[in-house]
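The following pair of complexes shares a single chain, chain A, combined with chain B in the former and chain C in the latter.
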Partner chain A sequence: MNTFYLQLKKSPLAIIGLSILLLWIFAALFGPSLVSYTYTEMDMHNQLVSPGEQGHLLGTDALGRDVFSRIIYGSRTILTVALLTSLLSSFAGIIIGFIAGYFGGLVDTFFLRIMDILMAIPPLVLSMVVLGILGNSTILSLTIIVSIAYTPATARVARGALLTCKNTEYVDAARIRGESNIFIMFVEILPNTIGPVIVEITARFAYSIMMIASLGFLGVGLQPPTPDWGMMVIENKSIIRSAPWTVVYPSLAIASLVIAISLFSDFLSKVMINEN
Partner chain B sequence: MSFMKRFLSRLGFMALTVVAMSFLIFLLVEIMPGDVAQTVLGQAATEESVAALRETMKLNDPLMVRYGRWASGYIQGDLGESLYMRGVQINSIFWRRVGHSMLLALSALIFYVPLSIFLGVLAGVRAGKFSDSVISFLGLATMALPEFVSGILLITVFSVNLNLLPLTSVIPIGQTLWQNLEILVLPACSITFVMFGYVSRMQRSSMIGVMNSDYVRAAILKGMPKRYVIFRHALKNALLPTITIIGMNMGWLFGGLIVVETLFGFPGLGSLTMTAIKTRDIPLIEACVLFITIIFVFSTFITDMMYSFLNPKIRFKREDL
Partner chain C sequence: MKKIMVTSLLLIAVVFALPAGGQQEADESMIIRVAEQVPNLLTIGSWDGQAFSLNGSIYDYLVEVDAHTGELVPSMATGWNSPDGIVWTFTLRKGITFHDGSDFTAEDVVFTIKRTQDKQLGHLKAEDFKIVDRIIAVDDYTVEITLNTPNPTFVYLLTDYNMAMLSSEYDYASKGETNPMGSGPFKLERLIPKESAVLTAFDNYWNEGYPIADELHIYFVPDIDASVSLLESGEVDIVTQINPTLKNRLEAQDGFTVVAPYQESRIVAMRTDQEPFDDNRVRLALKYTMDPEVLALASQGIIGESVFYNENPLVNTLAQHKEIPHRGRDIAKAKELLAQAGYPNGLTVDLYYPSDHPYSSELAQTIKELAAPAGFDLKLNGSPRDIYLSQYWLNGTIQLTGWGVRVDPTMLLRLAYYSGAPWNESHLSNPEVDRLIDAISSEVDNQKRMEFYAELQDVFFEEGPIINIQVPYLVGLNAALSDYRQPITMLPQLEYASIEQ
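Showing the complex of A and B:
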C-alpha cells in the first residue's frame, strides 16, 4: 500500500484524474443540496440565458432549466448506474469466468462458446435494442441490461486471471487438504487475482459511463425529466448554433469524467500489474 | 492445427454464431411488450380487425414455424415488409443505407488506421520521451470519449465557430452521397477519435516489445540505419497485433456508427436501426441487428484468418513437427 502512494505521487496524470473523479463524486453526493435550482425547475422568464447571466452559471435551456443544476443532478444518476453496472458485470464475470476456467474441459468450452456468441453483437447494439424494445428504462433495467452486455468481456478477463494461478502449489495444497471447490476459487484464488480484477472494475467503470451516456443520447436511457447528460446533448443539439452552452457543457462533463477515470485506471493497471 | 483445419473450424463456428444470433434476435423481438397487430392498426382498432390481421400476418403459428419462415425468407434474400411504413419492402431501403454506412466506415478507416499506426510507432520508438507522453495521453483521453461527445466538440469548432463543414449530414432530396462527400468528414473524424486510442496504444506496446527483441537489437548493433530497422524489420512484426485489434474493433465501429449517424442525421444503417427501434418496426429491427451481427462476425473471422496467415508461427505449424 505504501508503494501505491509513492507511485501515485510520481504520476501527476493519475493525481489529476483521481482529483477530478473525487470532485464529481462530491458533486453527486452533496451537489444537489448546494445548487440553487432543481433539475425540473423552469425559469419561464429566462429561457436560453447565456452562461453567467441572471444567476445561471452555465445558462439555461429552451425550457428555462438551469444547465449547471441539471449537470450536477445528472452526475448522481450516471455515477450510480455506472458504479452498479461495473460491479454487477464484474461480479457475474468473476463467477462465470472462474467456473469455466477452474473446471476446464467441457464446462470451459461450453461457457466460452456462449460468451463468443454473445460477443458477436456489439454491447452498445445489444443494450440499445433490448432497452428500446422494453421501453421506459429505469435505473434497474439499465443496470441489468448493460451488465449482461458487458459480462462476456469481464468473464474472459476473470478466466484469464484464474488460469494464471490455477496450477500453483497453494491451490494443490488446498485441494489435498480437502477444501471445497468454492473455497479454493474464492478464498484461495480470488485474493491472488485481485490486481487484474480491480483494474478490470475501474476500466469497466469508464466504459459503463461511456455506454450509459451513449444510451441516454440515443434516447433509450433514463426517461425525462431525469437529468441525463447524454439526453441533454441530443435534446439541445438542434439549437447548438444559437445556444451552444446547452450542448457543450454536458459534453464536457462526460468528457472530464471518462478521461479522469481512464487516467486513473491506466495508472492502476501499471501499478497492479507490475506488483504481481 | 493446420491452416486449412483452422479455417474450416472457424467457418463452422461463424455459421453457428449467425444461426444462434438470428434465433436470439427473433426471440428478443418476440418479448416486445404489446401485440404486433394492435400496434399496426392503432389503439382504435376493433378486436375483429386485429384478429383478422393476426390471421393474415400468420402471427398465430407456433414460434418455431414463424422463425423457420422468417429465416428461410432471409436465405432467399427477402427481408420482409416494414411494419411502420406499410407496403414498403425492406430490401428497397435497406441496401442503400448499408452502402452509405459502409462508405462512412471506410472513410473513418482511411482516417484512423494510418494515423494511429504512424503515431503508435512513433510513440513506441520514442517510449518514455515527451512525444510519447503526448501521444499516449491523447490516445487514453480520446479512447474513452463517447462518439457523440467528440462529435459535438468537432461540430462546435468546425461548424459553429469556423463554419467550415456542415452541421448535419443530411443528403438533399434528389442527390446522392457522392455529390455530398463533405458530409462524411465530421462523422468520420468523430469515429477516428475513439478508434485512435485503441489502435495507437496497441501499436505502441507491440512496437516497444519488438524494438526490445534480440533480432532488432542485432540489426541496430550491426549498424543498420535506424529508419530501415524500424520500417523493414520491426514494423512487420509489430503490425500483427494492430491488425487484430483493428479487426476486433469493427464491432465497436458499427456500434459507434449508430451514435454518430444519430448525431449527424446521416442516412445510414445506424440511424435506420435507431428509427426502427423508435417506431417499433419489428421486421426492420430484425434486419438491421442481424446484419450488424453478420458484419461483426464476418470481420472477426477475416481478422482471425489474416492473423493466422500472416503469423508464420501458425501458418507453418504442423502436427507432425
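Showing the complex of A and C:
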C-alpha cells in the first residue's frame, strides 16, 4: 500500500484522474442537496437561458430545466449503473473465466465458444437489440444487459490471469493438501491475480460509462425525464448551434469522467501488474 | 503527329461537350425533393396516415379542400347535390385517366366505396360508409348514392385520405404497396422500400397545366434532424413535420421558410375501461392539474395564438368549436378528487408516447411535471413512433398520440370516440356520446347540428377521457420553392408547387 502512495505521488496524471473521479463521486453523493433546482423543475419563462443568467449556472434547456442540476443528478445514474455493471460483469467474468481455465479441456472449450459467440456481436449492438426488444429500460435492465455484453471480455482476462498461476507450486501444494477446487480457485489463485482483475474492473468502469452514454444517445437508454447524460446530448443536438451549452456541458461531463477513469486505470495497471 | 493532335483535340472537345449537354438537359427538368419521416406506403384503406407526400401525389380524390379558403372544391367530381341528405348525386369529370391508361368512370367510384365494406380488408372507413345503403352508376359519369340515414355532411367523408379513387380494374390487394396506381398528378416511377421513391409528372393529368414540376423525389429519412440537415445542405426542398426547435433553427438562416398549414392535435387519452381512469374523478383530477399556458410554452408557442387547449376531440379552429373557459389549475381540487376515487396517496401509471414525434417528448415531460403535485406519478414510456404505434398505442392506460384534424369532425368522432371504433384509444363506450355522434351525423338542420356539437363538447368537458393540445404542423421549405399547399386533409397538393432552379 505504501508503494501505491509513492507511485501515485510520482504520477501527476493519475492524481488528476483520481481527483476528477472523486469530484464526480462527491457530486453524485452530495450534489443534489447543494443545487438549487431539481432535475425536472421547469422554469417555463426561462427557456434556453445562456449560462450564468437568471441564476442558471450552465443555462437551461428547451423546457427551462437547469442544465447544471441535470448534470449533477445525472452523475448519480451513470455512476450507479457503471459501477454495478463493472462489478457484475467482472464477477461473472471471473467465475466463468476461472472455471474454464481451471478445468481446461472440454469445459474450457465449451465456455470459450459461448464467449466467442457473444464476443462476435459488438456489445453496443447486443445491448441495443436486447433493450429495444424489452422496450422499457430501467436502471436494473440496463445494468444486467450491459454486464452480459461485457462479461466475455472479462472472462477472457480472468482466464488468462488464472492460466499464468495454474501450474505454480503453491497451487500444487494446495491440491496435495486436498483443498477443494473452489478453494484453490478463489482463495489460492484469485488473490494472486488480483492486479489484472482490478485493472479490468476499472477499465470496464470507463467502458460502461461510454456504453451507457451511447445507449442514452441512441435513445434506448433510460426514459426521460431521468437526467441521463447521453440522452441530454441527443435531446438537444438539434439546437447545438443556437444553444451549445445544452450539448457541450453534458458531453464534457461524459468525457471528463471517462478520461479520469482511464488515467487512473492506466496508473493502476502499471502499479498492480508490475508489482506482481 | 498532326493526326494525333487533331484526334486528341476532337476527343477533348467531345469530352467537354458531353457533360455540358447532359447538364443542360438535367437543368430543364424541374425536380422537387421531399424528405418524409415514415416510409410506410400502405394500401389505400388501411393507410395509417403517413407518407402523405407519396400517396397524396399518386392518388386523387372526388372532392378536395382548398388550401387557402378551407372550402370544399370539385376535383374528380365536378358537382354533387343532395336535397335531403339521403340521396346523393355526384357528377364526375370527363376525360380523367388512371396512370395505366384506363378511364375513370362511375364504376370506379362504386368500386372504391363498396371496397370500404370489404370485411377482409379491414378498411378504416368501414364505420363511416356503413350508412351507404345503395350505390349505383347511373351512367358513366353520374353516381347515385342512397344512404340509410340522412347525412348532410356525407360529401366531406370523401376528402379522407383513405378515400382516394381507385381503379376497379387494378389489383390493389397485391400491388397496393409495391406499385400503387391512381389518377393523381404524379405517377410512381420506382420505389425502393424504406429508402426513396421517384415520381414523374403524369402527362394526362386532368387539371391542365399541372403538375408544374417534372419529377418528385421522395426520400424516407426517419431522423428529423437528419432531414433538416439535408434541407440545409440543399439535398431536399421540403421537410414535413418538423418541430419548433428546428423551425427556429431554419428561420435563423437565409434561404429557408417554415410554414404552418394547419393545427394538429396531441391527445392525451385515458382508458375508460380500466383502472384508474375508468373513474371520472381520476380523469377530472388529471384535467385539474393541467396548465394550458405551460403546455404552450413547452411547445414553444403561445396559448391562444399558436397553441390551443381543450378537453374534447374538436380543435379550437373549427367552426363547431364551443368556447368553454378552462377549469383553471387547481391542485387541491385534484387531490380531493383523487382521494374520493380511492387514491388518497396518489397513483402510479405508465404514460406511453412516441418519443420521436414533434412536440410529444416535451409535452409528455411537461404533463408529468404538471400532474405530479396532485399525486400522479406518470412513468414516461417513450419509444420511436413505429414501435409506439405497433406495440403500445390503443393498449396503454394513458397515452399521448398525434392526431390530424378532419374537415368534418364526425369523421374523427366515428374513428376514435364511437363505441367499438377502430382507433378508439380511450376505449370510450358512452351511450350519450354515441347518441350525440349519431345525431350530429344525421341532423340536416345546421343550427341544430351545432347545438349537438356544443352538447357533445359539454359531455367531454364533464366526463371525457381526453386532453387535446393543439400545435402547429410545421413544414420546412427551401425558400426557392413556391406555392406549397397542404390543406387540413393533410394531403400536400404538390402539383401546384414549383421551384426556381
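Methods note: the second predicted complex is superposed on the first by the 276 of 276 C-alpha atoms of A that agree within 3 Å, B and C clash if a C-alpha of one lies under 4 Å from a C-alpha of the other, contacts with A are read in each partner's own complex, and residues count from 1 in each chain.
To be clear about the criterion, a contact is a pair of C-beta atoms (placed from the backbone, for glycine too) under 8 Å apart; a residue touches a chain by one contact, two chains touch by 3 or more.
Quick caveat: nothing in here was measured; it's all calculated off a predicted structure.
In the superposition on chain A, A:Ala161 contacts neither chain B nor chain C. In the superposition on chain A, contact of A:Gln223 is made with chain C only, not with chain B. When both complexes are overlaid on chain A, the residue A:Ile239 reaches chain C alone and has no touch with chain B. Of the two partner chains, neither chain B nor chain C is touched by A:Ile72.
Of the two partner chains, chain B is the only one touched by A:Leu134; chain C is not.
In the superposition on chain A, A:Ala62 makes contact with chain C only, while chain B stays out of contact range.
More residues of chain A lie in contact with B than with the other chain of the pair chain B and chain C.
By the document's definition of touching, of the two partners only chain B reaches A:Asp266; chain C does not. Applying the stated touch rule to the two superposed structures, the overlap between the chain B and chain C interfaces on chain A comprises residues 132, 135, 219, 237, 241. Partner chain A is touched in their complex by these residues of chain C: 224-225, 228, 243, 245-246, 248-249, 252, 293-294, 297-298, 300, 355-356, 361-362, 364-366, 368-369, 379-384, 387, 391. Of all the residues in chain A, the ones that touch chain C in their complex are 40-42, 44-45, 47, 62-64, 132, 135-136, 219, 223-225, 235, 237-239, 241-242. Within the complex formed with chain A, the chain B residues making contact are 13, 16-18, 20-21, 25, 28-29, 31-33, 137, 140-141, 143-149, 152-153, 155-156, 159-160, 167, 251-252, 254-256, 258-259, 262-263, 273-274, 277-278, 280, 285, 289, 292-293, 296-297, 300. Every residue of chain A that touches chain B in the complex is listed here, in rising order: 13, 113, 116-117, 120-125, 128-130, 132-135, 206-207, 210, 213-214, 217-220, 230, 233-234, 237, 240-241, 244, 247-248, 251, 254-255, 258-259, 261-263, 266.
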